[in-house]
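Input: structures, listed below.
Next come two complexes, and both contain chain A; in the first it sits with chain B, in the second with chain C.
Let's turn to the complex of A and B:
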C-alpha cells in the first residue's frame, strides 16, 4: 500500500497564500481532545499564541496551550531548564491527567533531546505524583498540520498503550482523523447504536465545542480518557479513517496491529454514501449486528434527496481543496451526485493523492480531474483560470479566490473563521452527506435565483 | 508594597468595595513561591500621589514557562503589527509555513489602495519561503532569493521586505545579504528584518526591530516637500476597523496634511517622505516611539503624544496640534470642527449613558489600548477597575519620567539601538528652543508620555502580562460588566458569563477612533452590557451568592 513518494511540485518555489498549516497545530488539537490533557509547545511563545488564536477562531472556545517560552539564550543553550519549569507550572496550575509536549521548528533545529528532558523530569519526581508526559516531534518544516495530528495520535498510543493486559476485546479503537466536532459526536452516536464500546482518539467533540459552564473549568470536561487509551491494545479492532493516512508507513492503528495484534480496519473518511457504506459494513462485521434501522432510514432519505435534487447539481464542475483525506472523501461524495471535482488540490504532499483518487473514483470522472499536491492558493487560482466552475468547496482560506472569481464557496474542513458554526459542520456519514448535499444544492439554487432576471421562488 | 496587615487604615483604598491587596494575594496563592514573588511585582495596586508619582511595576520581563500568557513573539510584532498594515510592500516570511499562515490578514487592518497610483495592495496575500527539512540542513538563502525574484516577477512591487523566523537565525541564513543582492539586481528597495521569534520577551522586541528597519531603509528616501501648511505624521495607528480613515476625515476637515501614518492605511512612499513633515504625533507609544525619537534626532521634527480614542481625547489632541502650529486660522478651524462634531456625541451619550453609567470594565491589551480605551469608558460613565498591557514597558505604565531608572536586561540589550546623529543637510529644527520653551510653558508637552497609571484611580489593579489564571481570578472576584482583551481570552471570558469586547480586532466592528468612532463604541458597548443573552446564563455567583462573599472575607 505504501507507494513511493512522488514529488509533484508547483510551478514556483515560494508559497503564496498557503493551503496548509503547521505541524504543531495538529498535535495541539489532538492533545486538547484527551481528557484532562494540556498541550505544551516547546519553543518560542509565538508558536503557542499563534496556534491558540487560530484554533480559537475556528472552534470559538477557550483553548489553553502552554509554551516553554524560549528566549535568545535558550535558543543557544537549549531548552532543558525551560521545559522543566513549564512542566512544573502546568502541573501546579492545572493538575492535568496528561501533558503532551509538541516540539517546534526552533527546538527541532537546535536539536533539543526532549525525550531525555522528560526522562530526567520524571526521574526527579519519582516520589511525586506526575501525569504521563508524551513527546511528539512536530518540526513545522516537515509536513503539514495533518502530519502533526497523526503523529500525535501515534505517539500518545505508543506512550500510553503500554501493554496488553486482558483478553476482553469488548471495545474498538477509532482513529477518525481531523474532523469537525459534529462529525465526532455523530460517529460516537453510530458506535453506541451498534452497542460498540469505543475509544475515539482524539475526541474534542466536547472540549472544543462545549456548553456554557455553571462553574469555570480550567480544562474543559470531555475527551478520550487516559484509561481508554491505556486499554487500546486490548481492543477487538481498530478503525482508521483516511486513505492517505492508511497508506503511511506508520500510524496508530498499524502500531496497535503490529504490537498487540489488534485487527485494523482501514477505511476512507466516511463522506458520501459509498465510503459510509464501507464504514457500516465494517461495523456490522465487528459487532456482528445489522445496521440499526435509524441508519437504514438515514441512508434512504439521503438517496431520496439525491433523487429530488440531482437535476440541479448533476454535471456541475467544482474545485476542491484542503487536507488530502478530506479532499479524497469530498471527491468521492461529489462524484455520487454527479458533480465533477475538476480540481482537487491540497497543500499536503504525501505523493499519494492522485493514486488514491484514481482508486476510489470512476475512471470516466477521474480522467476529467486535475489532482494537485503541494498547492497554494496562487496555484489554485491559476489552475481554475481555464476551468468554468460552478462551485468551490473548502475552508475559509479560499474565500478571496472565490470572491475574485465570483464563484460560490461551500465551506467545509478547517479553518473556518468567517462563519458562525464552522466547528460543527457535519461532513461524515449519511447525515453528513445529507447536510453537504443540501448546502451544495441550495447554494446553486441561490446562485440561479440571484442571476435570474425573474427570480423564481418556486421549484 | 505594604501588605494589608501593615497598611495604614486611612491609606487603604477599596476597589469596587473589595480589598484589592487581598485579591492579589488570592491570585498568587496558586503559584509556587518563586513565581509568586515574580508575579507580585507585576501585579500592582495603583496609588497616585500629589506629585503624580505611581508605584513601580515590573514589566517587559520574560513570561514564565508554563503560565498561559497572551503574548506573541518578536516576529509577530515586526511583521504582523508594524509592517503588516502597509499595503504596497511585499512581506516575505522566511521560514516554515506556520508563521506566515498565522499572520496572514488576521489583524483586520484596513487600507485604501485607490489612493496610490499603482493601486498595489498586497495585504490579502501571504508570501512564505515555506522552508523544508532540506533548507534547514543546507540553508535557505537560495530559496529566499528565488522567492524574492518570484514576488517581483509576479507583482513588480516598489519594495520587498523579508522577515526571519526562529530557525533562520539558528541556521545562519544571512537575509540582509540576500536582500542587498536582490536590491541591486531588481532595482527596487529590498530589506530584511532579523525578527526571530525567540528574541526579546514579547512582540515589543519586534516593534523595535521594525522601527529600526524602516528608519534605516525607508525614511528619508524621498525629499519631496508636499503641499500643505500643517504637515504631520501619525505614528502608532494601525487602522484596525477603519480607525485611520476616521482620523484622516477629521484632519482633512481641519485642513491638516497627513504626510504618513505608521502604518495604518499606509504606503511605503509616505514613509520615504515622512521626514518632511513638521510634527510627529504618537498614538501607540510602545510600538513606535523609537521612530519618533530617531526622526527628531536626525531631521529635527519633534513629537507629541496624542490619543484619538474617545471624543474628549480627540478634541484635546486636535487642540494640541493647533497649539503647536501657533496659527490662529488653524485654531479657529479646529475649534469649529470640534464644535460641529460634539452635538452628535452629546446626543449619543444622552441615549446610552443611563444604561451604561456605573458599569465596570477591565481591559488587558497591547501597549496603548488598555490605556486609551479607558477614555471611552469614562465618557460612558463606566469605571475601569483593572487594566494592564500585554507587552508594555515601565514607561507605558508609569510615564517616560522613569526611563532613566529602567534597568536594561539581557533580553533588551540584544535588540539593536541605532546610533543616530543629525543629518548634515537635512536636519532642521522645526521650532527654535525659545519657541519650544514657550510652548512647554503653555502646557504642550514634547517627547512626553505620562503613562496609564497616573490616569487611573488609586486602588485599581494594574496587572502586567496577565495570565489566564489571574484573569479567571479577577473575573471571579469582581464580575465586571465587560472585559476587553483579544481573541485568545474571548471565549474563556464568555464562559464566565461576562460580555467580552475584542480590542485588537473589534469583533468585526469599528471604527472606534475619533468622533464617529466614539459613537460606534458607545452603541456597541451599550448593546453588549445590556444584551439579553446573559439572562440565559447562570453564573456560579448568581446561583450561590454567599460563595462570592467567601472570596473576599475568608482568610
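Let's turn to the complex of A and C:
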C-alpha cells in the first residue's frame, strides 16, 4: 500500500451507513458540558429530538435540548421571533447560567442572522438579568459532529473569555476533544495531582454521567463554570489535544494564544504511552513539578502489561474507524504494541488524516496502512473485503460489518449504543492504554478459546 | 422539593382530572424553547415507511437525518433487510448553493442499480424545499428509467408536526396501492395497517387472523413488501392500529376503493380480543370466524393466564405513568395495566387529538394528570408528584424515570420485544415485573422508604 494522498475513494454518490454525525450534535454535547447551560437548536423540532435520542442512547442520562421549533411561516419569514420566544421560555423554565444557540441546516440555509437576533434579545432585556448567550454556527452540510464540537468550544471561549484582568494566573485551559466521561474524570485527576488548577472545556464528566437524584435537577449538576471560562485569557497555558484539531486554522487554544498570549501546548489525543508521555512532559513543564509517583507507577505497570501480553497482539492487523483524532490516537497506541492498523478510516474530511498519521507512525508501519477520509461503512466493508484482519476497533456503528465478517469488535469512541457503560470507556493516559490493551488482548484470547478444539483454561 | 415551573403557554395542555373543568388544548405546534418530546415531519414519515423491507429509503439532505434513523427500530423482516441500511445524499455546502438534483439523480440511479429494490422512497428534509430541488421531477425520471416506483415523500421537517409526516407517508403508500393484481384475493381478507412488526408483532397478529380464517393481503408496514402494498386495494376491510399514523390512508382507501376500516389495538388482552372479534363481526356470513376467534382468545388467555396472575400478585397496587406517541396506545395500556392491578397516575401523548383526550379523561381516575406534547420538566414534575413506580415511554423518557429511581418499560419502536398480542401481554407483564421488582431501587435516593439518614450512608459516599 502506498502512502500517497488517497483521493477519497468513495465509489458511490450517496452516503451509505454513515461514519459521522451532524455538527449540531457536537455543539450540543459541548454546551451540556458547561455548568448550568442549556443548548438551543435553531431549526426544526426533529433536530433536537433526534440528537437527544442519540446522545441518551450513549450516555444513558437525561439531556434536554431545546428547539426554536420552526414552522412553515418561520422558514419563510425567518426565525427571529421563534428564537426570542425560545430564549424567553428556556430562561423561565430552566434559569440557565448560559444558553448555547447552535444553528442547523435549515436556519443556515434561509440565512437567519442569529447574532442580530441575540443582540436584539439582549437589548430588549437590558433591565432584566439575562444569562450569556453564545451563538455557534453549525450547518449540518458542513463538516461532522466533531466540527460542531470544536466550533462550539471556540465560540464559547470567544464570547465569554474576558479581557485579561490580571497577570498570569496559575491555572491552565484544557481542550481535550470529544472524549468519554471516564477520560475527562481521569484527566482532571491528573491535573489535580500536578496541583494545576484547570479549566477543562467542555467537562461533561458529571452532567452526562451522573448519580441518581434525590430531587429532580432541571439542569444536571457539574460542568465547566462560566467564571472559569471567563478567566481563560489569564491562564498560564492552554493544552489542546488532537493533532487534526491543532492543524485547523481556528481553534479555542489558537484564539486564546492570539488574543491573550496564552501559551499553547498542542498535543495529540493522549492514547498510548508515547502520546501520553508528551502530555506528562507538558504538565511537568507547565507546573515545574515532576510527574507524581502514582503515574510513574501506572506507566510502569502498563509497560509490564505490554510485555506480558506482547506475543498475543504483535503482528495482528486491525481496522480502525471513527473521528479523525481518535483514529490518530488509537493508531499511535496500536503501533506501540505491534498491531498494524491496516485500515484507518474516518467519516471526517479534514484532508490531513494521512499526513498526521505519517507524522506519528514509523514509516515501516504507515506503509502498510490504508488511510481513508470521507468514508462510510459501506466503503469500509468494501475495503476490508480483501484484507485479512483480526480485529476492528471503533464505535458501535461498525458492529454490523464485524458481524458479517465474523471479526471481533473492540468498542471505543462514540457512539456506543449496544453496551452498558459505553460512556465510561477509558481511552486516554496510561490507565486508558492499560484498559484498551487488556480489552484487545483478552478479545484475542477469547477468540482463540472459542475457535479452539481444545479450549485451554490457562495461557 | 425542587419546584418545577410550568410555562404559562403550556398550562392548557395539562389537565388534572377531577379538580378542574376539561378544556384541554392539543394538536398545536410545539412551543419554541419548550423541550418537546416530539420529533418532526420527517420523523413521522420515516416511522411509517421504515419497515418496508424491499424498498430503498433514500434521505435527501445533510447527513444528520439519515444518521439518526439508521437501524434504530426493532421492525423485523422475514426476507430482505434493505430497511436496516441508511442512505443519504449527504448534502454539502456546494450542493446547498448550486442545488442537488444531479446528486440526487446519481445517488438514486446508483443505489437502485446496486440494491435492486422493488420501489424507492425519497424523503425530503428541511432544506430541500428551500434550495429548490425538484424532487418530484427527479423521481419521475428515475422511476421511468429504472422501471420501479420512485416515490417522493414530502417530509420537510418544519412543515407541520409528526402527524403531517404520517400523512406524507400515507400519500406515498397511496401511490403504490392500486397498481397490483387483486384477482386471487379472498373475499375474507384484510389489510393490517399501522402495525410495524416490532419484535415480530405483525407475524403474531397475522397468525391469529389466519387461524380464525381471515386472509391478510398486506401489512402496512410491518415486514412490508412493495408487491403486497400494491394489491392492498383488493382487501375487504382495513384494520387500523396506531390510528394516528394510518387513518389518512384508510380514509383515502375508503373513498377511492370503498374499503371500510375499523380501528383496533393489539395491546392488552381486552383490546387484542376485541381486534379479533371486530374483524369477525365484519364477516357475519361466516359465523365460524367468530367461533374460531372466541376459541382462539380462550385458548390464548388460558395459556398466559396462570403466569399473568402470578405477576399480578407482585405488581398489583403499583402506580404507573404513561407517555407515548399516539393516544390510542395509551388507552390500551391503561386497560392492560388495570388487568395487572396497577393504577395509572399520569397519561399523555405527543400527538393526541381532542377526542382522544376526552376518552383518556373518561378512562382515568380522579387525580390522574393528562398531558399533551409534554416536556421533560413536566414529566418529571408529575411522576414525582404522583409518586409513580413505573414509567412507560420511549428512549427519551427512560433516563427521566431512572434518575428518580422509577422503573421503566420501553414501549416505543426501538424496543426489540414484542408487546402486542396475547404473548405480548405476557412479555409486557414480565417486563413490568422485571423492572419494578428489581432490588436496585433500594439504593435510589428519591424512592419513598429510603430515608435521608440511611441515604447518607448508602448513597452519598465519597467515591474515593
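Rule of thumb we're sticking to: the second predicted complex is superposed on the first by the 450 of 459 C-alpha atoms of A that agree within 3 Å, B and C clash if a C-alpha of one lies under 4 Å from a C-alpha of the other, contacts with A are read in each partner's own complex, and residues count from 1 in each chain.
Basically, contacts are C-beta pairs under 8 Å (C-beta built on N, C-alpha and C of every residue); 3 or more make two chains touch, one makes a residue touch a chain.
The structure presented is a predicted model; accordingly, all values stated were derived computationally and were not measured.
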Quiz item: Quick one: chain B and chain C on chain A, clash or fit?
Solution: clash
Quiz item: So, A:137: does it touch chain B (first), chain C (second), both, or neither?
Solution: neither
Quiz item: Which partner does A:92 contact after superposing on A: first (chain B), second (chain C), both, neither?
Solution: both
Quiz item: Given the touch rule stated above, what does A:21 touch, chain B (first), chain C (second), both, or neither?
Solution: both
Quiz item: Can you list the residues of chain A that touch chain B in one structure and chain C in the other?
Solution: 12-18, 20-22, 24-25, 40, 43-47, 49-54, 56-57, 60-72, 74-75, 82-83, 85-90, 92-93, 104-106, 109-110, 139-142, 144, 210, 212-218, 400
Quiz prompt | Sites on chain A touched by chain C in the complex | solution = 12-18, 20-22, 24-25, 40, 43-54, 56-57, 60-72, 74-75, 82-83, 85-90, 92-94, 104-106, 109-110, 139-142, 144, 210-218, 397, 400
Quiz item: Once bound in the complex, which stretches of chain A touch chain B?
Solution: 12-18, 20-25, 40, 43-47, 49-54, 56-57, 60-75, 82-83, 85-90, 92-93, 104-106, 109-110, 139-142, 144, 210, 212-218, 400
Exercise. Could you please specify the touching residues of chain B with respect to chain A in the complex?
Key: 30-32, 35, 62-76, 92, 95-104, 106, 124-133, 135-136, 143, 146-147, 150-151, 154, 165-167, 169-171, 196-202, 410-411, 414, 468-469, 472, 475-476, 486-488, 490-492, 495-497, 537-540, 543
Quiz item: For chain C, which residues count as touching chain A in their complex?
Solution: 1-2, 4-5, 7, 9, 29-43, 58, 61-71, 84-93, 95-96, 103, 106-107, 110-111, 114, 125-127, 129-131, 157-161, 375-377, 380-381, 384, 395-396, 398-400, 402-405, 443-446, 452, 455, 459
